[in-house]
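Labels A, B, C and D are assigned to the chains in the order they are written; within every chain, residues are numbered from 1.
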Amino acid sequence: MIVILKPNTPEERITNLVHWLKDQGLGTHLSTGDFHTIIGLIGDTSRVDLDLLTTLDIVESAKRISDPYKLCNRKFHPEDTVVQIGDAKIGGGNFAMIAGPCSVETEEQIIGVAQAVKEAGATLLRGGAFKPRTSPYAFQGLGAEGIRLLLKAKEATGLPIVTELMNAADLPLFEEVDVIQIGARNMQNFELLKEMGKLRKPVLLKRGMASTMKEMLMSAEYIMSEGNSQVILCERGIRTFETATRNTLDLACVPLFHQLTHLPVVVDPSHATGISDLVPSMSYAAVAAGADGLMIEVHNDPTHALCDGAQSLTPDAFAAVAAKCQKIREVIG
Amino acid sequence: MIVILKPNTPEERITNLVHWLKDQGLGTHLSTGDFHTIIGLIGDTSRVDLDLLTTLDIVESAKRISDPYKLCNRKFHPEDTVVQIGDAKIGGGNFAMIAGPCSVETEEQIIGVAQAVKEAGATLLRGGAFKPRTSPYAFQGLGAEGIRLLLKAKEATGLPIVTELMNAADLPLFEEVDVIQIGARNMQNFELLKEMGKLRKPVLLKRGMASTMKEMLMSAEYIMSEGNSQVILCERGIRTFETATRNTLDLACVPLFHQLTHLPVVVDPSHATGISDLVPSMSYAAVAAGADGLMIEVHNDPTHALCDGAQSLTPDAFAAVAAKCQKIREVIG
Amino acid sequence: MIVILKPNTPEERITNLVHWLKDQGLGTHLSTGDFHTIIGLIGDTSRVDLDLLTTLDIVESAKRISDPYKLCNRKFHPEDTVVQIGDAKIGGGNFAMIAGPCSVETEEQIIGVAQAVKEAGATLLRGGAFKPRTSPYAFQGLGAEGIRLLLKAKEATGLPIVTELMNAADLPLFEEVDVIQIGARNMQNFELLKEMGKLRKPVLLKRGMASTMKEMLMSAEYIMSEGNSQVILCERGIRTFETATRNTLDLACVPLFHQLTHLPVVVDPSHATGISDLVPSMSYAAVAAGADGLMIEVHNDPTHALCDGAQSLTPDAFAAVAAKCQKIREVIG
Amino acid sequence: MIVILKPNTPEERITNLVHWLKDQGLGTHLSTGDFHTIIGLIGDTSRVDLDLLTTLDIVESAKRISDPYKLCNRKFHPEDTVVQIGDAKIGGGNFAMIAGPCSVETEEQIIGVAQAVKEAGATLLRGGAFKPRTSPYAFQGLGAEGIRLLLKAKEATGLPIVTELMNAADLPLFEEVDVIQIGARNMQNFELLKEMGKLRKPVLLKRGMASTMKEMLMSAEYIMSEGNSQVILCERGIRTFETATRNTLDLACVPLFHQLTHLPVVVDPSHATGISDLVPSMSYAAVAAGADGLMIEVHNDPTHALCDGAQSLTPDAFAAVAAKCQKIREVIG
């Protein structure tokens, strides 16, 4: 870490700061220029509060040189992490196709979708039982009953299941769930992340709407620092000024995450765009960008007035998307 | 709610949609123009999923006319909510000056600050015991011991205390805490909001970094719909492309919230800017914009090398700010 | 256009507004609900100022139903526009590979790059002669001399050239330039757009850093409404809170633009990311998303200390990217 | 400027880079740590392209220590700039109240408003003759005739006038205009800025919708580096995800600009919010934040159905706002 002091900082203040830094177990290296003095910090700076340093009146700016994330950092773990879920693998050249409905509704529905997406090439089944909703008056999901139905669909098809957890108190219900999803709104719910770290089960961590890539890595680090190394990162769009799509899908994070971390990266084009017509194109783009998996909404009931135009694809449309994604993967290599 | 259909939507699809809407207990009113058909929905549309409707392939767009928030809506409760906390009041013309250190460190420190800010005009004491930190390796606060020290400071000064809760499991520790703060990262932690709704204690709800004003009102509605009407809204800056300040303080939300809701609105200029030099100006601006209170970081220990330049004001500087704020309130009326 | 009035708007105010709208040559259709009155506007609403209407005190909100862009709207021109530039074509299934250095530096450099990128599959040569720079003290490009060198490279290779114009007064210098680029900072320089409309030459219009897709279409409309229909849209990233990349590449605009407009859409992954390592992945993603072309920085001088790590690719790296893009295009179909 | 190299950068590459930097006339100072080598640059680094350096493959990051803006920098010119316009002054403790309609419509209108706002305390008259409009089909202002009418209003009231220029070719029409406004969309129209630099007339420079404060200072520097030091900065809101207001007014820029630059800073609450109800509160907030002036839309014709609810205040409402602003200024001191 480098701390750049303001011009004309009194000698005494510099000495005080250096002492304070040394008290925290850090070595320091002073470099005095014509205008600025620069303090280089040596040692484990991960506990140093960058924000606090920056707000000191004698500090012009401070800058980390080494990354504050360790366990998820590719520098220290050059090999790709491969997360194994039943027969499915994600990462290290293994691609996961996660598909299913937004919400679990009925046994017939979820088993029907599960069979259809399995047929079409899905390797995991997704479906919401506990749904985060902006409004307290909106349908909040089937809850425990939804989990039960998902497990029935797993039993019927053999597909491992991914579903969202919002409350650590619900963990007992998730015992047979294969992958626990932490939603965008909880990406910095640090207490929940710590609980995830105590599990020995894969966690799919969605990017927060206003979260930088580095913050997302720090959230993965929360889980890993508690002992759970099976973390899957999921890009699902960030919030910007553009309103033509629900969020702005930030695909550059795929190759950048692959540089910074060894964790697998999947992309959710359904939530990112909120427009089913755009899901195929953005799925192809995500695969071409190097994603280790996709998470796509698929719905199987075209006879319902509401659903036949929703953001979900039909199983047939999904099958076509999955086939083309496979071909793009072959080109990308 | 108004649903605008795409041009040339087949009659049959319109009929299906109307039936589906009626099944949800809504009346409908069709208006057929040259190009577009518009469906007006009559009845309680708060349970209708606007996002889902919008993504239907026959829907051009959908638009709420009535607000989805009810309990916090000024239309239905024209009178200002006044939150009473010990001797302090917030809202309805009552101004709260909440001051204290970022983190509780020692008994001496917190009692010292508490006495100093009380002297300078503070009506509530703030201080962090449980600290949300981006990094798992950063200091996470004193926890239970921090709460204990805050309560000592309350005992010593009579100031009611405000402190952040991150985990519902910690609630027993907060029994004597006067106001529970829900931080920006948990503004859409709906499970935690529901727990807050079960309390009979004021909750200070901070705006999420990527949250719109309407979403913040929906989060307040989560708390209120569970029975707790003592909610205080707190603007603390939103995340934008500007990096010169830590966040961008959105002061227009103060008068806008006063139009939309009867809840009191306080402003936190310390976290919003991250620069102590800007705190006085932004405090004055917040008061001039009509804020019902301020939440300001104050630190009392100018002998520590680290602290004398931090984003906190000294008690003396705070006293000067508080005095000027009072004068501006007199002008604003 | 639909105008939703506030509850309890006095009859007289409604009548006044309807008269004012009629004075502007619009038909109106009133629909009176339990709470709200809705005015539907019939006729050419493209001249109506939506912002002004929205700010009227009796108006709850107003919403366009028909698109304000006409000439670039796919609804009215279902066929793809194909822009022909020498032997190159863009749009309607024709792909353009635009490559070259950020800035024109010397005759040797630009001819060298031109030959190398032609060899590697480029169909157009790019290079900056007039450079928009944040700082007045930064190198502003070779100007007229840069144009002269680009024309030499065109002569040597037969590649048509694309280069940026910042000032209409420089137009005489651009007579032999094949495609005029309007940069992101000038996307809403309406006076310059009008000048572009008077030309009979293709214009490559880059998206503004804070511009929505709809605003970009309106800027294209400025050019087209003056008579020039040869407009190429170029996505180059938008400004968001994320700082890991220079901008956030918004690839969802590719399929969405293809729905909304018949104009071709190219993508510039070099400027969007600012990181040369990410350019290949984002090029593949753009092609997979359906882009009609790419605009990639290529530099040919690996012996210069400065350049061998810059955001430009080498010709060899570019050739590999171009080949893989071609294969992805075959998969996408 | 400091350049931090990646770990394990080969000696030879470092030597190359140092040579290249020296070729540009810069001194260098190498500091070799355990992991990173840091190069400190000595001399005039304002011409160094930070973006280019950052994208070199051996560079971890680069950071300016000295500001790239010189002429507008308070460090080098500690005294406030006072811009004198007729009898009005802005900056250095002098407050300007700029008021008038959005667009000039008729002689009667503009003279009427001018008289009313002068009466109410305005010191300058604003009014649009050339209007930047997103749509080519929207009313583009009265143009030359609008300028003529503004000058009539100036003659009638003695108020100096402020109006927007969009095209340097129109400059002859602006000879008697007192202050030329450069709009948000042209803040980085560098060619236009250079033309403004050749004038000896005050320029009011509005902040671009996606422009950082530092970029705005660089745009002011463009004007000043051509010889015109009479620049007034104008905050008018930035573009964020929040849609409840038209833009997000970033008032923290007022005190921050006052630290960074000696130029006066005015605030436009009308365009920032787009909601007339919020203009009074945001005017008070801007004054409390230390603004050197306000720019407020005022319209005088309450008999027109359209106008009596628009984002403009009436002259009476404006008079009340102006009076309260004056009182807040007295408190702020």
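Definition applied: a contact is a pair of C-beta atoms (placed from the backbone, for glycine too) under 8 Å apart; a residue touches a chain by one contact, two chains touch by 3 or more.
Keep in mind it's a predicted model, so treat the numbers as computed, not measured.
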Farthest chain relative to chain A (centres taken as mean CA coordinates): D
Repeat of the A-D interface, chosen from C-D, A-C or B-C (over half of contact pairs identical by residue number): B-C
Gap in Å, rounded to a whole number, between the CA centres of chain D and chain B: 31
Inter-chain centre distance, chain B versus chain C - centres from mean C-alpha coordinates, in Å: 39
Gap in Å, rounded to a whole number, between the CA centres of chain B and chain A: 26
Set of chain C residues in contact with two or more other chains: 210, 239-241, 243, 275, 277
Chain D contact footprint on chain C (complex, rising order): 13, 16-17, 19-20, 46-47, 49, 51-52, 54-59, 68, 132-139, 166-169, 185-186, 188-191, 194, 208-210, 215, 218, 221-222, 225-226, 239, 246, 274-277, 304-306, 308-311
Chain B - residues contacting chain C, complex: 2, 4, 29, 31, 33-36, 38, 40, 42, 60-61, 63, 65-66, 239-241, 243
Chain B - residues contacting chain D, complex: 210, 212-214, 238, 240-245, 248-256, 259, 272-273, 275, 277-278, 281-282, 284-290, 324, 327-328, 331-332
